[in-house]
Structures are given as C-alpha cells and as structure tokens.
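Chains: A, B and C, in written order; residue numbering restarts at 1 for each.
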C-alpha cells in the first residue's frame, strides 16, 4: 500500500485510505444488473405511481364491508387447509427423520449419503406447485393431493435440517454407543435421537408453520381449502368476500405462528437446561 | 451362594412426567383425528386412489423425466423474465429492508410506541402467502410481471425484516452504549455503527431471498403474474408433460446455479 | 503492543475547558428494585484525577453513568460543569454527553468496521443527523478523528478493521473516540480490567497524560488498589452504593481498603502481586 503523505493539521502523515476499487466495482455491477433487469421487464414504470391509489381503492372495496355471511364456509375451508398442512407435516417429518439421519456423516455409507443428499437437493429445487400438478393426475383435485404434495415437497429442506442437526451434535455419545458395540439402529435410537429430539420436534412444528402458508398456495391450483375459495372469489371479483377471506387467512396464520412459535421456544429452552 | 436380603435402595422419587406425556400424545392424536374428518373440513385420506390411479402418475412421471429439450429455446425469454423479477424484487426489498429492520428491532428502536406498529405490519405482511398476493394483485392491476414483482418485494421484506431484526436483538451491542454516551441520536448510532456491524446478517438474508425469489417467481406465472410459470400452466393445459419436464429441469439448473453463486458470494463476504 | 508513548500536547485541537462535577444526595434504584447508589454526595473540582474503587456490584458503573445521564437518578441532583444533568432531555442531554468522554471495560467498539468509523462516533454530538445518514463527514470532523488517533499513537491503524487490533490497541482507539469529542470530562469504567498488566499500565498512563496535559477532569473506576494509588490523586471508596472513603489515594492504608472491601485484601486485588 502506498502512503499518501497528506499533511494533517498536526504535521503528521495520515495513511492513505485502502483502495475500495473492488467494492466499488462490485456495487457498480450489482447496480447495472438491477437497472438493466428493471428496464427490460415488461413493466410500465410510469404506471407504478398509480398503484398505491389502486390498492387503496380495492382495499376499500375489500375491507369496508367484509362479507361475514360466508364466514362459516371460510372457517370450514380454513380447517381444510390446516388439515392439509398438519397431515403433510406429519408425512414430511416421518419420511425425513430416517432419511435425514441416514444422510448424516458417519451414519450410513458414503454412496447412500451422497445419493440421498442429491435427491434432497432436487426436491428443494422443484416448486411444491409442480409436485402437486403431477400428483393431481393420480389423486385428483383433492385435499389429499395437497397433503401428499406438502409431505413430499418438504422433504428436501426437512431432511437437510435433520442431517445438519445430527452432524452438529457432539461426537461423545455416538462414540460411546459404537464403543459398546451398537449397530446403526441402536446408534440412532440411543445416541442420535436423544441429542436431536428437541431440535427435530422444533423443526417439525416449523414445518407445520411453513405448510400453513403453502397449503393456501396449493389451494390456488385446486387442491381445496381456503386458497381455492380465495381464487374463486377473486375471479368473481367479489371483493367484499375476498376481504373477509384475507382477514381469515391472516388471523389464522398469525394465531398458528404465535402458538407454534411459543411451543418451539419452550422446547428449545427445556432442551438447554 | 446364600440368599441375602435384597438391598433396599432409597431412591429419590422418580419424576413423574407420565401424565404430561400422555396429555401431549392425547392432544396430538385428537388434533390429527380432527384433521382427518372430511365432515368438518378435514382431509379424506384416499389411499385407494393411489392404488387405483398410480399408473396415470407413473406414465406422466415417465414423460416428465424424459423432458423434451427441443422445447427449451421457447423458454429462454420467460425464464429471463423470471430471473429479472427475482433480481429486481430482491434488490428493491434489500433497500427497503434496512430502515424497516432497524425500526423493528428492540435494540435499535427502544421505543415501543414506534416499534410495535412496524412489527405488527410485518407480521401481517408475512401471514399472506406469496401466491395469494399474486392472485389478488393480478386481479387488481392486471396480468404481467408487475404484480409478481410486488409479490416478491412484499414477501422478501417480510422475511428479511423478521430474521435480521431477530438476529440484531439476539446479539449484544456494547458499541451502542458508546455511541449514546458520545451524545449520538439513536438514528446516528444505527446508521454510523449498527449498520456496519449487522451487514453480514443483511447480505446473508438478501442472498437467501434471491434464491427463494427464483423458486417462487418460477411459479408466479401460474396465476398470471409473469415469468416462466405462465408457460408451465399453458403446456400443462395441453397435457404436454414432456415440455413441463423440460421447464422444471431448467428451473432446477437455474436454482442450483443461483445457490452455488450465492454460496460463493457468502464465502467472499465472511 | 505495550509501548509507552506520550500523549502530545500539540494534539489539543479544540482547547477544551475542564469541568467540575457535583453530586448532591444522589440515589439510584433500578426498575427491578436494586438500589445501586444511596445518598451519594460528591464534589470533584475541575482538573482532578479521581479513582473510584469498590467491589464488583458496589455501584461504580452506576456512579459513573449518572454523570452523563446514561442512568437517570432516582433522587438527588447531578451537575457537570455548567449543566444540571438531571434536568436535561433530548438534544440538550446529547450536547452535554458530547462534552463528556467515556471509555469502557469492553472497549465497546464496532468490531466489524474500521477504526476510522469507530472514532467518528465521537463526533456524533456535533454532527447533524442527516450528515451521519448520508455518511459524509466534514473536513474538521476528519481532522479531529486523526488528531485523536494521533494522540494515542494509533494513527497508522486508522483504516484497520477494529477486530484486527489487540486489546490494548482497541482501548486506545476507544480513548481516541472519546478525545475526538473534544471533551471537558473523561469517564472511564474499569478501562484496564480486560488488559494484561503492561498494557494496563500504558492505558493508565494515557489517562494520566490526558489529565496532566489537557487538564481534563478524569474519573476512573478501578478494582485494583495499586493502580488507584499509583495513577490517581484522589480516591473514592464505594461499598454497597455508599461512599465509605474519600481522600488522597497515596495515603490510603491497608485498613482503609479492608473497610472499602469489607474483607481482608487478597493478592488479586492488586495488579502486581
């Protein structure tokens, strides 16, 4: 680094600031990509300024007089979404725990570990909706399809959490079981399971929270539940019903998030003691 | 060996959490049963259909995993749109997330009266699933990438603000006391030091939402919000599952490339 | 880095005036009910170098923090220079704090950013918020930052990341941050408790020079009695939130210390043992 002999008021030399060329260049590249992308998108940016007004107008249509008469139906569909999410979470967790444990370092053989991890990566990359579209042809436009899609689509991430949790536990306990002559099943039952159970329980609940949102998404492609109802009424442009449905979705999601989050925190705090 | 009297161990009372465990198991079983009752909205577990129709799925699956790669050239333009939406969405969300995050974290905004409204709004924003935003916004402002873009921005802001503000609150920030002691305002301390200190949290989450955006914007088109999803629903309507397979294959490649790229950037940044 | 160096008089840029400190019957009870100070009255003339000694939990940090309003008093009054701290709010309180430098046991630097940015924190009180927001500093602010660093011999590290410094270097940067304020009073809360003995002496030396050559009032919390005797002229002993000793540091006897500490003196109550 060169020292720029800039005279300070005290007659001492101040080191030249380090070159920020790399940072500046990176910032310019990021900025250029952003601007080019924005310019190339098929969006009339002049129109953007009218959007807050639009949203306000439609917001008023939706929320000044929400259609509470359809609330019972909405609650029925909400329960359907919750059911899809819950059963999907169970399916996902039941599949991911053994698969994830097998994919952890030091549990299964290497070829199995690498294969499983590749499968998880692929599942992670395929959107749930695509999996649901495939399943539709077998099980039709039913909540059962939604539940299966949630169960399968979640495996990619859930199993990754499982093997990461298994790999982050201390080596001591597994070693003790191996030293005592344990097989893989015993290793899993007596060494891995007790150490990761709190984290896995917490992940399972988290999967439920994620599925709550995704189940609404699957509803949009016809798997039933509150998402389907919302699409229908949006297509009919019955804004006061849409407003009521949004209120129901938001309230239900927030209640479930808060409850599940509280249980998760209690589990993790209990595990720390 | 002669019989000796069995030793009587004086054990401390065994903690009985059996009742609690039974309660928890009971609650889970009840909940699960209720979710299986179609009469109240539960899921009808129709395993028979799996047995009856698995051939349909297998046939489609076969087509699906033999994608028609000659279809790919037609996908490039919509795929580019998907990527552009992902990048612009993440970029706009990144800029907006900074002040909102510092506003929503307890340590950078000790005033409950101004913090609580932001947190509440963020929680509401997060409670709406991405495709629901897209569906409603398409109905409100019309088909095209704009509703998709707004969806991504809202979705990303929800994630970044929540995760980063929690990370900030979980940490200790002794330098903030120094800033206050030197006579700085909260805003000065936040901008002057907290931001530099929290930068890695931000960049990490920005990269994460960029990855998510690619995945989400690939399907936004299903409801008319721009990008490659439009092509997916179009080809599926024609039962051209080999084309759908080609698109999914392409999404897979792009998602993995983006993940590798962001891992690279993460490593450079730390 | 334990070299001894001089805090040059030439680095005195703003020509600070030294302030006196008066506490009148000050009590502090924290919101959780802990009473940290009980009826403390204290007069410290301008330009004095004072140590506050006491066991951990005796209220030293609290005593120092009522002087710049970081901890509000429950009853009583605190006056620093021409200001009544207890009456100040908002902007005025920040202005006052700008005149009071403070250094901490843990250095309290933002480790992930440069020394320059950390010392710039000392200019906050005299910088309009919009300027900090835009991230532009004035020529004068930069000069004060360089001067502060120069006077603790850290100018060559101005562009270094704070996390790359040793403990002693970090504390000197923290002193530079306080000096950049152009303070009239310097508060130090256990400034050497995290440092090794030679570095501790060099930091105490810096503080002595600040007192001697700038004529600043210096208050320093210490839990090591030999440092208090070696570097300060007046010593205040705190025990359970009450002043139990106040006199010339050099004349304090072993029994005075046993009175302050409420127990026999142990070897780890001194730096050199």
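Quick notes on this structure:
Assume a residue touches a chain if its C-beta (ideal position, glycine included) is under 8 Å from a C-beta of that chain, and two chains touch if they have at least 3 such contacts.
A quick note: this is a predicted structure, and the numbers were derived from the prediction, not measured.
Chain contact topology: the protein chains form a complete graph, every chain touching every other one. Ranked by the number of C-beta pairs in contact, the top chain pair here is A-B. The mean-CA centres of subunit A and subunit B are about 3 angstrom from one another, to the nearest whole unit.
Separating the centre of subunit A from that of subunit C, both taken as means of CA atoms, is a distance of 48 Å. Per the touch definition, subunit B reaches subunit A in the complex via residues 31-32, 34-36, 40-46, 49-50, 53-54, 56-57, 60-61, 64, 80-81, 83-85, 87-88, 91, 123-124, 127-132, 135-136, 139-141, 144-146, 149-150, 215-216, 218-219, 222-223, 226, 232, 236, 244, 248, 251-252, 255-256. Across the complex, subunit B is touched by residues 68, 70, 93-102, 104, 106-113, 117-118, 120-122, 124-125, 127, 129, 132-133, 135, 174, 177-178, 181 of subunit C.
Here subunit A touches subunit C in the complex through residues 8-10, 12, 14-15, 17-18, going by the rule given at the top.
Put simply, subunit A touches subunit B in their complex at residues 30, 33-34, 37-38, 40-44, 47-48, 51, 54-55, 58, 75-80, 82-84, 86-87, 90, 121-122, 124-127, 129-130, 133-135, 137-140, 142-144, 146-147, 213-214, 216-217, 220-221, 227, 230-231, 234-235, 237, 242, 246, 249-250, 253-254, 257.
Within the complex formed with subunit C, the residues of subunit B that make contact are 174-175, 177-185, 187-189, 191-194, 196-197, 199-200.
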